[in-house]
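One structure follows; several queries about it will come next.
Here the chain labels run A, B, C and D in written order, and each chain numbers its own residues starting at 1.
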Amino acid sequence: MNKRTIELSGHIIDSLTLTKTMGIIMDKGGEFDILEIDVGRKKSDISHAKIEVSADSPELLESILDELSVLGAAIDEIKEVNLVASVKDKVAPEGFYSSSNHSTHIFYDGDWIPVEEIEMDCLVVVDEDEKRAFVKPIADVKVGDKIVVGLDGVKVTPPHRSRDEQQVFEFMNSEVSSEKPLMNLIKGIASEMKEIKAKGGKIGIVGGPAIVHTGSGKYLAALVKEGYIDVIMAGNALATHDIESNLFGTSLGIEVETGKIVAHGHTHHMRAINRINRSGSIKNAVEDGTLTGGIMYECIKNDVPYVLAGSIRDDGPLPDVITDTAESQKLMRHYAQEVDMVIMIATMLHSIATGNLLPSRVKSICVDINPSTVTKLSDRGSAQVVGIVTDIGTFLPLLYNALHEE
Amino acid sequence: MNKRTIELSGHIIDSLTLTKTMGIIMDKGGEFDILEIDVGRKKSDISHAKIEVSADSPELLESILDELSVLGAAIDEIKEVNLVASVKDKVAPEGFYSSSNHSTHIFYDGDWIPVEEIEMDCLVVVDEDEKRAFVKPIADVKVGDKIVVGLDGVKVTPPHRSRDEQQVFEFMNSEVSSEKPLMNLIKGIASEMKEIKAKGGKIGIVGGPAIVHTGSGKYLAALVKEGYIDVIMAGNALATHDIESNLFGTSLGIEVETGKIVAHGHTHHMRAINRINRSGSIKNAVEDGTLTGGIMYECIKNDVPYVLAGSIRDDGPLPDVITDTAESQKLMRHYAQEVDMVIMIATMLHSIATGNLLPSRVKSICVDINPSTVTKLSDRGSAQVVGIVTDIGTFLPLLYNALHEE
Amino acid sequence: MNKRTIELSGHIIDSLTLTKTMGIIMDKGGEFDILEIDVGRKKSDISHAKIEVSADSPELLESILDELSVLGAAIDEIKEVNLVASVKDKVAPEGFYSSSNHSTHIFYDGDWIPVEEIEMDCLVVVDEDEKRAFVKPIADVKVGDKIVVGLDGVKVTPPHRSRDEQQVFEFMNSEVSSEKPLMNLIKGIASEMKEIKAKGGKIGIVGGPAIVHTGSGKYLAALVKEGYIDVIMAGNALATHDIESNLFGTSLGIEVETGKIVAHGHTHHMRAINRINRSGSIKNAVEDGTLTGGIMYECIKNDVPYVLAGSIRDDGPLPDVITDTAESQKLMRHYAQEVDMVIMIATMLHSIATGNLLPSRVKSICVDINPSTVTKLSDRGSAQVVGIVTDIGTFLPLLYNALHEE
Amino acid sequence: MNKRTIELSGHIIDSLTLTKTMGIIMDKGGEFDILEIDVGRKKSDISHAKIEVSADSPELLESILDELSVLGAAIDEIKEVNLVASVKDKVAPEGFYSSSNHSTHIFYDGDWIPVEEIEMDCLVVVDEDEKRAFVKPIADVKVGDKIVVGLDGVKVTPPHRSRDEQQVFEFMNSEVSSEKPLMNLIKGIASEMKEIKAKGGKIGIVGGPAIVHTGSGKYLAALVKEGYIDVIMAGNALATHDIESNLFGTSLGIEVETGKIVAHGHTHHMRAINRINRSGSIKNAVEDGTLTGGIMYECIKNDVPYVLAGSIRDDGPLPDVITDTAESQKLMRHYAQEVDMVIMIATMLHSIATGNLLPSRVKSICVDINPSTVTKLSDRGSAQVVGIVTDIGTFLPLLYNALHEE
């Protein structure tokens, strides 16, 4: 019989790591003995388990250990990571290790070194001179890059759920429902935001145009002005309708204050784009007095950076929009590494795109009236995202109020 | 060629009556000449049209006129209504006239007499001695009842949409969208409510348990206490969870203030029912001090009547629940005739049931986070209902605030 | 320190029983030592664990053990069940044990005896003469009934998920998604149905009128005729529109074969009810030749029983409809104990109602195009229900075909 | 009093043109007399109306006529179109005419000339030498372009709904419901497709990855192979998962035939992209034997062009993906002018993007299980799109079968 001992540690009960470990072993046809199990007595304690895995063949044993390593299981006999050089730009060796969004280390040259700029569905490339490891999107692979292959020497540390901390995030976890008390949730998010800002952390907003359509644009503008927001990631539509609502009082041709349809209002967004085109950029439009309020105005005035990522449904687009999606991703990737919290509001495209880029350590909230947006986000691997199914038209005003209450 | 002249009057352009009239004639294979058309010049004006309808056969002409009469077309040669006696309890003669929810008159014994207690999908029965006409549900038909058959002598007057009045109701009409400014809508409903109360009118609430689950129960209780609500039509669930939240602080086992799951909380609603059973009724429970707050408490304290209609998904049910659905309908029917406005919140079953009973003159609003509730309501004939797709957890607090602003 | 040893057995890893046990102990402030853990090596093996629970006070220990007993934990020192007599009809003693839908035993008079007719949210009443225990809805409690109070002496056995059996049920479990291959699922349901029928088991259908609206009525009628279905639980609407479609070719006034709106079609369902009223019952209508096809016709012809439960949104209703919801529940309760599988199609009301009554051992599938129906069903305790989000108009034809393929 | 006579012609009753005309005049505060009205007697007849519009001021009259011209009203005194030269690249003169997606003519130099390559939300630029007019997206405007300003001399001809033709398109129009018979609809689409192909017309598919996830990829591949499809407009995801399913049997890591989750399956799509990167393009991968089946394979083999438009949520992307959204739009624009019918399946992003580019004459169908996709498409101006709410996993197999029945 082929055997090997693995160790698990962390909140392995809460995080279901122990359950999943046993499940994988049984599913793949292996067997196990729990040699030791030391479960944390207090909520904040860390648990440890030592499990002997056995299998009929060395191959089966390897295959089981491979999968366990993704869960964060430490294998007694640590192996060096395998590196294979790329033979062509944008091409990885077969069997390349595909990254998760969790904190990751590789065992290289006798040491555990961290994988920097972690992001899911990428490759891990090692700089052998510097002895550093980086995540790289496949499109950035260059011939000669030393790429991690297989699971040997890779250690993944999923975020540990602990029962005490992060109340908001914990209690909603995994479940999407519109039948829950919302006020308390919003208060929780507000206090989380304040705490992050107090520690000097950064908060990003990912937003769709429904923020403006529903009349909530002024609340987001105020949050930018008051310093709560450190970056906005959005598309042409949010910016265009924000500007439309400031130039014409409408969003998609509907009067924002009253909800009435305005004659010829459906042309307003094109007229808004045209005016910004004349100024040359949103910044210029603020400076030359064309644009005097709103979300984008406050970003310019308060030096809050934004990424306006282009999409094929854009009209115009505004001169500030980055039409190359690879360029947009690059910039979003940069901010994804910087933020501590991201609130995604009413945009499936930008939320999934940002979710793809975020390390799992970032606190992420997705707010949408459509439960399927939240479901899809988590189907696509962004399991850490907390979903709130509610009306955007009321979420932002209520969040704003919660941030201003004592 | 067989011809007949019809007259249309009212807001026939806005209400599409003219368009539908021409459509019906063409669809059925008839022809028409517009003899006169006098369209209101001002928004509040009434329009008139005189149209000559012709068809190849007398039967076809009759059939076309039949359909037009439902639209409210007056036919020059007015015919007496046809009455046939029922031969058996609960059985109508074949070809019976099936009522709509619009104001209806019949031409009987040389006069136009109103059909009382109008409601869709019922029969019209004439009391020949009193010379009065009533709507009757098929289940209440008695042998010998004189029932209207066919469309002769029946005149239906749909509510006329006019452009000026009833802003809230107008601008949303027919369209269901979560991408609209909500705040203004809510203000419109609040001012409509105030106006109705100022005129001595009555407002009903139709509500589901999500009102309590989402923490909005206290706002509805306050509206009852403050005299805004004249009747509540709901089921066992709303009352049970309202009482649960007052006795145990939970709704469906979830703490209303915090959203946390409480140990054994899923048994609380059964314990709430048990306590009311011990008192004997909700009224007794208020009087003996078992129940000290909440929606049902305020109903008792303020003499606001309620209908708790039983359904097969009820636990318990509470002693106040009417388990016979025919009895429930009878009581709901009574209140449906009394109210001037109904707000339906987060319940598909009770909303559709109430929608079935309401005359089309009652201002009706249906609020749900799920657009399909609103769509179904209007598919089932309650076309006058205005739908709002939003989060119940924020709708009631915002409505409450709007009612209390100057 | 107050200590007690508990034992867990079954598929405690897969079913998360072990995880939940540790969670409860930690959440409530207790501590534990895993004394023994013997995990099944093969997939079909049963696991055992012996855990010592300790707490600061005897009260805390009791409270922890209370909760663990619901998970199926056996406590070393077994206590007799506590019985308290009801002092009033429909009233249980405070602290009554509220039943789950899982298999349950009580320790009474020195023996474990099964609780019969298990159903969630009910009481357990002991017949001391017969030494038998029964579930009783609160409405049926009579003064003097001996009712189980507290958790002592109650043992619950949740269904154990095993990895091999019940493929269909396993792989979908818990997740609701429309982005999954459907064909294979339908094949799995078909083979499950065949297996149940081969063993002499019973299959129930819970259905809404969309079955008829979408043109799938003929497939359900065929399944009834071919002996696949043993009972139908539905409401007035399914039966009425089924009969409407057979008498007039329409459902809710829309031609079933073509989807076209038929003039005056919205009165057809009232005319259908009227004709059945004339016959006196659906059975009479079949016998006197009024009704010659469809779902209800096949039920009559093939002696398949049905429950048509009344609701407040019913028009008519048909003479076969049970308008008293308590009576309907009683009959549904009877069939809920008999069936081995239930397929719930396109009805939130009847699905939740049936879900409330079903023992967790019954294989249950809920099919709806609206994901919220499935979510609500499981929020309300029917966790064993497998949800399929798809179009009813294609589900039944595809299921029918799958049952007829080799 | 300022007066002017307008003429309307076409299916002005059915299309609500007459109703809208009167509504606009009244809403803006004008008055009107219907001078003549000649309504088509047969269904296929064209109606005419002559209406005198009057207003208090010349400005008001102009403003009313402006709006009426968009409805297709012909104004007796025809004015020349106003042209203003652009003073800067990407900048139009204030007051520029913003195009609709309907057939449009301008009155230039004494003649009505057609506006070519019609598309909504663009500008109209006149080539004065060639005496031709073109639609131009704002991003393509060059300094000196002669751009139409205001509504003078612009005539829009919306598609006229006639009652007889295009049954499928007519009967579903405007309404989104999952409670309708689907089979007949699918047959209607199939016969429409056959008719278009018989006339040498072109059919485009706009598709999302759910086509592959739900196991319907093979049906789309077969439609491509059999010559039904002339162009595919999609993104990286459809192509990647199609290739993943052909290389690994999975889609997003789930086995397509069985719906089971495959170990490490979530890395398969990255491995699929890596293999295509190695080949250099999808075409190369087909030629070098890497890719041997599926949708993309059939496109290559049968010379069916495709547009893979990049988005910020793309992994990879595949080498065939156009990452610049402006470039993607340009190519999609090209195909949008060529096709006679477009079927949009399970993608909100690509459906709205394509909807933006399509002339209203193209028959467009949008199929999604989520009703909000269809609603949004029509909120954004693509009113001609027919929506079907159903399960993709069954739609494509049923459409395939309908195309192969006699």
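Everything that follows uses one rule, which is that a contact is a pair of C-beta atoms (placed from the backbone, for glycine too) under 8 Å apart; a residue touches a chain by one contact, two chains touch by 3 or more.
All figures in this text were calculated on a predicted structure; none of them were measured in a lab.
A.B. asks: Out of curiosity, which chains are bumping into both subunit A and subunit B?
C.D. replies: C, D
A.B. asks: With chain centres set to the mean of the C-alpha atoms, which chain is at the far end from subunit A?
C.D. replies: Relative to subunit A, the chain with the farthest C-alpha centre is B.
A.B. asks: Just give me the whole-number Å value for how far the CA centre of subunit A lies from that of subunit D.
C.D. replies: 33
A.B. asks: For subunit B versus subunit D, what separation do you get between their C-alpha means, in angstrom?
C.D. replies: About 39 Å, centre to centre.
A.B. asks: List the centre-to-centre spacing of subunit C and subunit D in whole Å, with centres computed as mean CA coordinates.
C.D. replies: 46
A.B. asks: Among the residues of subunit B, which ones contact at least 2 other chains?
C.D. replies: 179, 252, 370, 372, 379
A.B. asks: Please output the residues of subunit D touching subunit C within their complex, sorted ascending.
C.D. replies: For subunit D paired with subunit C, touching residues are 171-172, 178-185, 210, 213-215, 252, 254, 256-261, 369-370, 389-395, 397-398.
A.B. asks: Residue numbers of subunit D touching subunit A in their complex, please.
C.D. replies: Listed in rising order, the residues of subunit D that touch subunit A are 28, 67, 88, 90-92, 94, 96, 98, 121, 137-139, 252, 263-264, 266-267, 269-271, 273-274, 277-278, 309-317, 319, 323-326, 328-329, 332, 348-350, 352-353, 356, 370, 372, 379-381.
A.B. asks: Could you pull out which subunit A residues touch subunit C in their complex?
C.D. replies: So the residues of subunit A in touch with subunit C come to 13-14, 16, 18-19, 22-23, 26-27, 31-32, 34, 37, 39-43, 163, 176-177, 179, 371-372, 375-376, 379.
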